[in-house]
Amino acid sequence: MRYDNLRVAIVGTGRISDLHAIAYRNNPKARIVALCDRDPELARQRAVAWGVPDARITDDYADILADPEIDLVEILLPHHMHLSAALDAMAAGKAVSLQKPMCVNIEEADRLVEAARDAAAPVKIFENFIFYPPVTRAKALIAEGAIGTPLTIRIKSNPGRSATAWRVPRGADAWRQDLAQSGGGPLVFDDGHHKFALAWNFMGNPEEVHAFTGETARPDGYILDAPAMVSFRFPGNRMGNLEIVYSPELEIITRHYAQDDRIEITGTRGVLWINCGHGRLGNPAPLAVYRDGQVTTYHDMETGWEASFVASTQHHIDALTSGTAPRLTPEEGRDILRFALAAEESHRTHRPISLV
Amino acid sequence: MRYDNLRVAIVGTGRISDLHAIAYRNNPKARIVALCDRDPELARQRAVAWGVPDARITDDYADILADPEIDLVEILLPHHMHLSAALDAMAAGKAVSLQKPMCVNIEEADRLVEAARDAAAPVKIFENFIFYPPVTRAKALIAEGAIGTPLTIRIKSNPGRSATAWRVPRGADAWRQDLAQSGGGPLVFDDGHHKFALAWNFMGNPEEVHAFTGETARPDGYILDAPAMVSFRFPGNRMGNLEIVYSPELEIITRHYAQDDRIEITGTRGVLWINCGHGRLGNPAPLAVYRDGQVTTYHDMETGWEASFVASTQHHIDALTSGTAPRLTPEEGRDILRFALAAEESHRTHRPISLV
Amino acid sequence: MRYDNLRVAIVGTGRISDLHAIAYRNNPKARIVALCDRDPELARQRAVAWGVPDARITDDYADILADPEIDLVEILLPHHMHLSAALDAMAAGKAVSLQKPMCVNIEEADRLVEAARDAAAPVKIFENFIFYPPVTRAKALIAEGAIGTPLTIRIKSNPGRSATAWRVPRGADAWRQDLAQSGGGPLVFDDGHHKFALAWNFMGNPEEVHAFTGETARPDGYILDAPAMVSFRFPGNRMGNLEIVYSPELEIITRHYAQDDRIEITGTRGVLWINCGHGRLGNPAPLAVYRDGQVTTYHDMETGWEASFVASTQHHIDALTSGTAPRLTPEEGRDILRFALAAEESHRTHRPISLV
Amino acid sequence: MRYDNLRVAIVGTGRISDLHAIAYRNNPKARIVALCDRDPELARQRAVAWGVPDARITDDYADILADPEIDLVEILLPHHMHLSAALDAMAAGKAVSLQKPMCVNIEEADRLVEAARDAAAPVKIFENFIFYPPVTRAKALIAEGAIGTPLTIRIKSNPGRSATAWRVPRGADAWRQDLAQSGGGPLVFDDGHHKFALAWNFMGNPEEVHAFTGETARPDGYILDAPAMVSFRFPGNRMGNLEIVYSPELEIITRHYAQDDRIEITGTRGVLWINCGHGRLGNPAPLAVYRDGQVTTYHDMETGWEASFVASTQHHIDALTSGTAPRLTPEEGRDILRFALAAEESHRTHRPISLV
């Protein structure tokens, strides 16, 4: 199936929907035509802000699915609602963009994968970070041999605070503290999805995962699963690590979440660093490579975090209008979910988790 | 006991002895008066190179211990010989500087600790890295509150190759491949001692250690225990990680071993980086701190790796001439040995190792 | 005189007016109420883009001056029209913001200074660069003694090309090639005003100026007065230099003009660098200080070039609503004009020009 | 004429001779066989330090010239003695290495150039800075097109103080304050020679030179010709600038003179920086290039200032043993002398000096 012009409904108009909307608003092949939220007032604010002139606003998801003038449903709901919302959209023949993580456990993911195989329209699991321009540039450099064969990956998630961060309504996030709704911890599982997707993006599926996971309360009482040290083995004598640490007084330079994200990939011949993501500590080069006595830094790319959303959505529009597969496919989304769930399970069971 | 002027015998005149000798040669309170090696020709070369005019050279350690004109024995022997050499020196009333790791297992370490308690002269376990000027400066900055309370530490050991590295005689290192002589792998245990000492230096003793450890052959057939991902938990919700990766074609800028060493310490308020050790990738700032929107780099210190040996020996001379305790004490050396051995055991047993 | 709420007319709605408008659009104490341009269609586009709902659009400046509902006139016209436009606005009792350079020669500047002394409302010469956040932060750091006493200043203007620069309509700039309209060369005099203002901002008025000035054609035929090397002496054994060089294939990272701007100030105790302006080469720290073996970089400030316009306008709104003097005063503007004109004269006469 | 094995006499065994001696001591094709100094005790100390076993030490230059066992005379005398010492050496058939600046005025230089044309053995003017590894690497990169065509060069000399600098005997330098002996100021003329040689090395001979030159006393009373701003035009619309500024409390990281030296070369396509010389502010990359949105730093080279002396002497040994021309030739030395003298003359006459 191939679309000429995408009519998009955004389901869930919370904080993050601002970044999902950008590419739809700027691409002539797509337009946002409907908004759905349990809080219609919130949806209305978005409609005005986005200059969506004829948006139909509803608090009933069934309205969206029943509307023949909608091609694509962008699902931005709490995690535990992902499966049923996606299954319903597939049943209604809609193309689907489903926010990561696709589901809250593997059983759900299996059902979604199976349903997507028979669906009339394609399903994309929306993972922005692997579309972040420094990440895609890094992947291209590695493919060109910039660091030889990658041997290890190190990822760091370091949330802090920021005078310039955007504001996230406190209540809107409450469901993330309920494991039944979220599926896992806010840093190892929810934000962790981005990081495990990055590890998968550069190194493939892991064979074994081990996690030490702590617990820290933010000043507002919100409980974080930090610090955490997650280690993983990949086939072929390759390894990786995710360090998560919450620094309550670390001032982050950002317009989005107050979090520093870093990636270091060590290869047989060189080392590559991606030095920013949600925010920055100072203004390090977004992308740097050491090799053969030379350090090269790359600056001719967008580095705002929103660029990862724009590129992910842009890729989706291209896939739907050209009839190619979206990225992540549901199968890929399940692989990353399994990776993240293994970190959760290792913490619970106090042992490394095999994935082979 | 307090010494006015130290007469030093160096026992084992291999590659590393060059760095141990520097401070003795430049400090008026000490002088090298005797050398012992099973290869007297090697010892003779060192005597000439060091301009040690009246060095007595022997291949019999008993000669050293019987010599009343020797105050301090610097033991630079294969690990499995450490215990007996140190016990004999203590019995002979000599002050001892014993190269890390102090012994090959905890039972040996316990015997050494006990013997040292009753010895007439003090015993120092020689660990140079915690005396490396960027490390001591980092410790002072942290004590002043530069990054708030340290929460996590990340250490990386990345050996490669180097056109400018010093030459290590291949044969001289053969014993390191025999676990009975070395006590553990060349990177996780032998070089790892430096890294666990650093983790201990900044964070104290760990409660739990987990390791994934691989195996890689160097072009010359030497087997390395790399890559490895060692994670550890400290009391009080603090954690750490040691990443070891061998990059056969990574060109390192060094005059010593071809290895890049990095440390990152994340605190409640800031992040601190130590960016060099044996060698360098490019010439990053030796020490950097991020805090409150500012990055400060520190340059007014020695950064050559030999400076860590000079400072460690200098500290020892000061301790012996002032009658204060050397660092590491045998008890401290045993703590670090236990840390390193836990990483080895986790790998063997495929589970995290508790140290509490 | 003190204003509660500023009603602003923008006179000249070309490329640069976008940056002048930002602060008026975001400050509740001001609003743009009228636009004037010889091309009413251009003015109409701006009105729509700025969301100026009730803008009165005219191509007749007299309409603006006759309108009692206008408090402040922002004059963004070709340089040779500055004097008469400003004199007329003063005569009409309007507050004035006059784009730099205030006039095309000193005689004109003298008339303007004199008229402003008797004017009912204050006159500001609009120079954005001295309000650029890295510049104001640098000035504050120097005042705190960060580099001791400043001894020399070095400024570099390096235009190139850029895939991401904004588009400047070719025709709109044609008057800049006519000395009678522009008053001087595009880089030494027009853009140079910013640089001489920066030199003045940090070092005061010069005593002597010398310039070597070359000539280079851009690919589009536009003639640039580059390269140029302008040197200047300040009282008290202090000096400065402005290097201008046009690099036709130098790719600049920018959203505005394709130009790299750098400042280096050397003091008795330290050195300070401002590393960006219109654009960037890579992403150097916006502001860095070396002193006492430490380099500190500062990142907690806006670095987009538009921030200089926002801060300059914001300062003006504050001055007008609080009744304090705007910066630049006409006298200050004349000082900077004299500085720039001395560089032009030195080139013409092949000798250093004394300003004392 | 071609030499198999160079027997070298060093004439003048002051501070700088240490750096001249290094390459002779390490090259099997050369050896230092005689030393000459008016202070034989100083010469004797050097002989011991250099391990020159059979050095013949004299305070009479005639002894050196009469000795048939000497091939090459390295002249390290005050500037006003250069001409006669070099002429005498040529007359005695010796190969000559004459420290920069070759003479104290152009008339002397002309005589030396002429005499060298007829001399039996070649004459090298010793200028170390153009052999500094970051400089030769920069030149090679530019030749490969790294920055397109060079358009401007900016050089900075910034002496300060340093806790780690070498010690220069105060008395030994007194002659440099006497213009008749030195030929020009310590920074514009004497150290300036290095900088004008660098400008010439990258850009060729200038057409016009202008200088503003101030005067500052060091705490020890020594008078420096600082600050200074020297500008120059090269043929083909290219330009350059030398900024000299003395910062009495600027702490420089160095083992030699307490001075920061920087070079920036701007080309049609890129910009290149050389960030160290005698010393450093922090540890910037020794060599960096910006082009096409990427910054590359180069680290696989020696950066100690002594490396420039070693490479210059090494080049000389190669030239003499292979029969090729040394660099600088006397003609080249004269070109650079003229460049430096023009800066001096511009200051005296208050006008730009034409050199065409």
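We call the chains A, B, C and D, going by the order they appear; numbering starts again at 1 in every chain.
Here is the rule we use: contacts are C-beta pairs under 8 Å (C-beta built on N, C-alpha and C of every residue); 3 or more make two chains touch, one makes a residue touch a chain.
Everything numeric in this text was worked out from a predicted model, so none of it was measured.
Residues touching across the subunit B and subunit C pair largely coincide in numbering: over half of the numbers involved belong to both copies. Ranking all chains by how far their C-alpha centres lie from the centre of subunit D, first place goes to A.
Across A-D and B-D, the chain pair carrying more C-beta contacts is A-D. With centres taken as mean Cα positions, subunit D sits 43 Å from subunit B.
One inter-chain figure worth recording: subunit A and subunit D are separated by 58 Å, centre to centre, where each centre is the mean of the chain's CA atoms. Among the residues of subunit A, those touching two or more other chains are numbered 251, 253, 282, 285, 292-295, 297, 299-300. On the side of subunit D, the complex with subunit B involves touching residues 163, 251, 253, 280, 282-283, 285-286, 297, 299-300. Interface residues of subunit C facing subunit B in the complex, by the touch rule stated above, are 285, 292-300.
Within the complex formed with subunit A, the subunit B residues making contact are 148, 151-152, 154, 156, 158, 208, 210, 212, 214-216, 227-229, 231-233, 237-241, 243, 245-251, 253, 260, 264, 266-271, 281-282, 290-295, 350-352.
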